[in-house]
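One structure follows; several queries about it will come next.
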Amino acid sequence: MLTIQVIAEVWDKHLMTIRTIEHLQMFSIALTLSIIIGVSVGVLIYMRPKTADTVLNFLNIVETIPDLALIVLLLPVLKLGAGPTIAACVLYSILPIARNTYTGLKGVDAQYTYVASAIGLSSREALFRVRIPLSLPLIAGGIRIALVFCMGVVTLGGLVAAGGLGTVLQNGVQLYQKDAILVAGLWTGLLAVLLDGFAGIIEKKLQERYGTW
Amino acid sequence: MQNRRLFDRIESIKFKGITKKYGPVYAVKDLDLEVRGGELLILIGPSGSGKTTALRMMNRMIDQDTGSVTINGLDTRDVDPVRLRRNMGYVIQNIGLFPHMTIGENIGLVPKLEGWDKKKIHQRVSNLLDFVSLPPDIFMKRYPRQLSGGQQQRVGLARAMATDPPLFLMDEPFGALDPILRKQLQKEFLKIKNEINRTIIFVTHDIEEALVLGDRIAIMDQGQLVQVGPPEELIFNPASELVSDIVDNQRKYKHMDTLKVKDLMSAYEDKYALDGKTEVCDAVEEMTKRDLETAFVFDGHELLGQVTMVDLMKCRVKAQKLADLARPMKTFQPLDSVAFALSEMKKSGEYIAIVMDPNKPAGILVSDEVLLKLI
Amino acid sequence: MVGLEIILEATWEHIILVYTTLSISIAISIPLAFASLYSRKLEFVVMKFANLVQAVPSFAVVAIMVPLLGIGFTPAVVAIMLRALLPIVKNTFIGLKNVDPSIIDYAQGMGMSQWQINTYIRLPNAYPAMFAGIKFAGILANSIAVLTAFIGSGGLGEIIFQGLIGYNTSTLLAGAIPAILLAIMIDRSFSALEKKVTPGYRKI
């Protein structure tokens, strides 16, 4: 059984405070990069609609690649450590964010873009002041999907010496330490569910604030 | 660069030989028209007549195929469209307030893009909201969806006035409002128009609106200009069948003396009535919901008077009851003569009165509407 | 270098693992989706659970199998199923539920039994969403099957883990590339299937 004492022991022995920090560090770097790149890609394919299908199809293929295989593919290029893991997170996360950004920008009610242009907003001003804000609920939905992807891939990082909570899981399985697996597994799951829930709340708030009615 | 005004005052706007085709269809054909500085010119015509197309060529939302639009001698095609549009106020029927911005942000958007400082924007927005009878401390921070249709349209007007442009383009701004609200906003708009003294081009399909508001009226049909002139000229010297049709179909009543109030009153609806015991706050909410600018206050069946949204907004004691605020109003009987009713209303400066038969409301008498039915 | 024979054998193991799991998942999902149609409580539990489990990292799910079920093929199947089941249930349920109520009324009026309505009206209507869910589950299963080699399921992941021990690039690629090809194959074949079952051949 998992008693408080067992949990505390596992926690100390496996340096889980440090592992959690590493985990969240990798996660936040990956998610931040994903948001920057994903939104940019979404905006770019919106501005060059002819490229949209090609780019999205390519990202769709990336999406099917098994996550561990993708990290392994990046290993020769980026070496052991956090690099391949973060890069894999980003590669996975571009699609949901870019796709939702693109769909959001395209779906903005025509009356608002018409008015924006008619009262003298340049296309750049209309993009940043009207289209992007009105797309925020959808963009947030994409980010939430990316967040789940990133949590999953970051956990795999333990297998390729990237650190994080995956390391504890790896050691636990290799050394057959049931308690360590349970504690680390439940903790990793809980973190992911909490962050997802938190993102869900933000998404809902944005929906209320910026959604169409 | 965009800060500099293209023009401080409009001397004249000239359409010369303007043609616009969509496929084989002419939207506008060989249009020559001059708008004089300071006037309110109405563009009117059936749908598909090209009136809206002509309006949208002025701010280059549509570019003509041939011909030129010049403002004070400046060809619009020589100006960056964004800069051109910043020199004009634009109001449209569906208003298009941005739902993610507060009323204050909506009105202050263009000034902000023009680089005004925060304090100046705030000041300007407050003044404008006051100007359109929406108290700034209540409305500044609200979102468009919290406003009634009439209130939104006022905000639309304030937004167009934000940078104090010399020219306004208005595309059926009151088209989506119910008749009584439309009358009230037209009335307020006339007042505003006289105060700001700007050049306004106003598209409508409603001849009554055109006759009330227009200094001159341009009638368009199938992409071409049929006649342009002041209202009385169109009435007395129509250039064609079409013009007399448009203007004349209002001439149903020739003999005012024989007319009774019941012949010319508008229908009464229950939504206009509020109970005297209602508190001001609730009344504001209720009127917003029902999209009313004016409501009649009753105590049971007894008429106490009228309240307007503007009165309620100005009231500082929120717990006050409508019974205390209601202003007395004219009441008439269905069989009173219209001439008598109109002169009574004119004397007291009222433009709206209620018709009682004998103790319950039977209709509403709106002076403008009555006049128009008499033309 | 890894021999071709080893790669082929691992690929075969991988395919068995993926399709066994997928078949069991489908066999459980569809009755579960139908049952959710008749019980609001079950619907609530299934949907909540589906959204929750989707957020949990696969590696955590796979690792937790060890203390619960040990290592080998069966724990791997259970781990994959936990992730693959829910997209199918969820999509099928949504497909079954989103039938125009007037069509159901009409069918009842024609004298169709509950069973007939389900097989002839609800199920075909749910096909596009259901197959989209199965495709997603297949890709997910293929992906997690690489990982389950870590708890002794065999398959292509085993070659990858061997490569990781000595950090041998060609061994790593010998495991990764067939896994990627399998993924693309699953995506393509199920996309084709999805199109086939969608009325008018249009992708949803």
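For clarity, chains are labelled A, B and C in written order, and residue numbers in each chain start from 1.
Keep this in mind: contacts are C-beta pairs under 8 Å (C-beta built on N, C-alpha and C of every residue); 3 or more make two chains touch, one makes a residue touch a chain.
Because the structure is a prediction, the values reported are computed rather than measured.
Listed by label, the chains that touch chain A and also chain B number zero. Centrality by Cα centroid goes to chain A. Taking the mean of C-alpha positions as each chain's centre, the chain lying farthest from the centre of chain C is B. A separation of 50 Å divides the Cα centre of chain A from that of chain B. Taking each chain's centre as the average of its CA atoms, chain B and chain C sit 60 Å apart. Per-chain CA centroids place chain A at a distance of 22 Å from chain C. Across the complex, chain C meets chain A through its residues 52, 54-61, 63-64, 66-67, 139, 142-147, 150-151, 157, 160-161, 163-164, 167, 169, 172-173, 175-177, 179-180, 183-184, 186-187. Taken in their complex, chain B has these residues touching chain A: 59, 61, 82-88, 90, 92, 94, 96, 98-100, 109-110, 113, 145, 159-160.
Looking at the complex, you find that chain A touches chain C at residues 60-61, 63-69, 72-73, 75-76, 80, 148, 151-152, 154-156, 158-160, 166, 169-170, 172-173, 176, 178-179, 181-182, 184-186, 188-189, 192-193, 195-196.
Across the interface of their complex, chain B is touched by residues 111-112, 114-122, 125, 129-130, 133-134, 136, 209-210, 212-213 of chain A.
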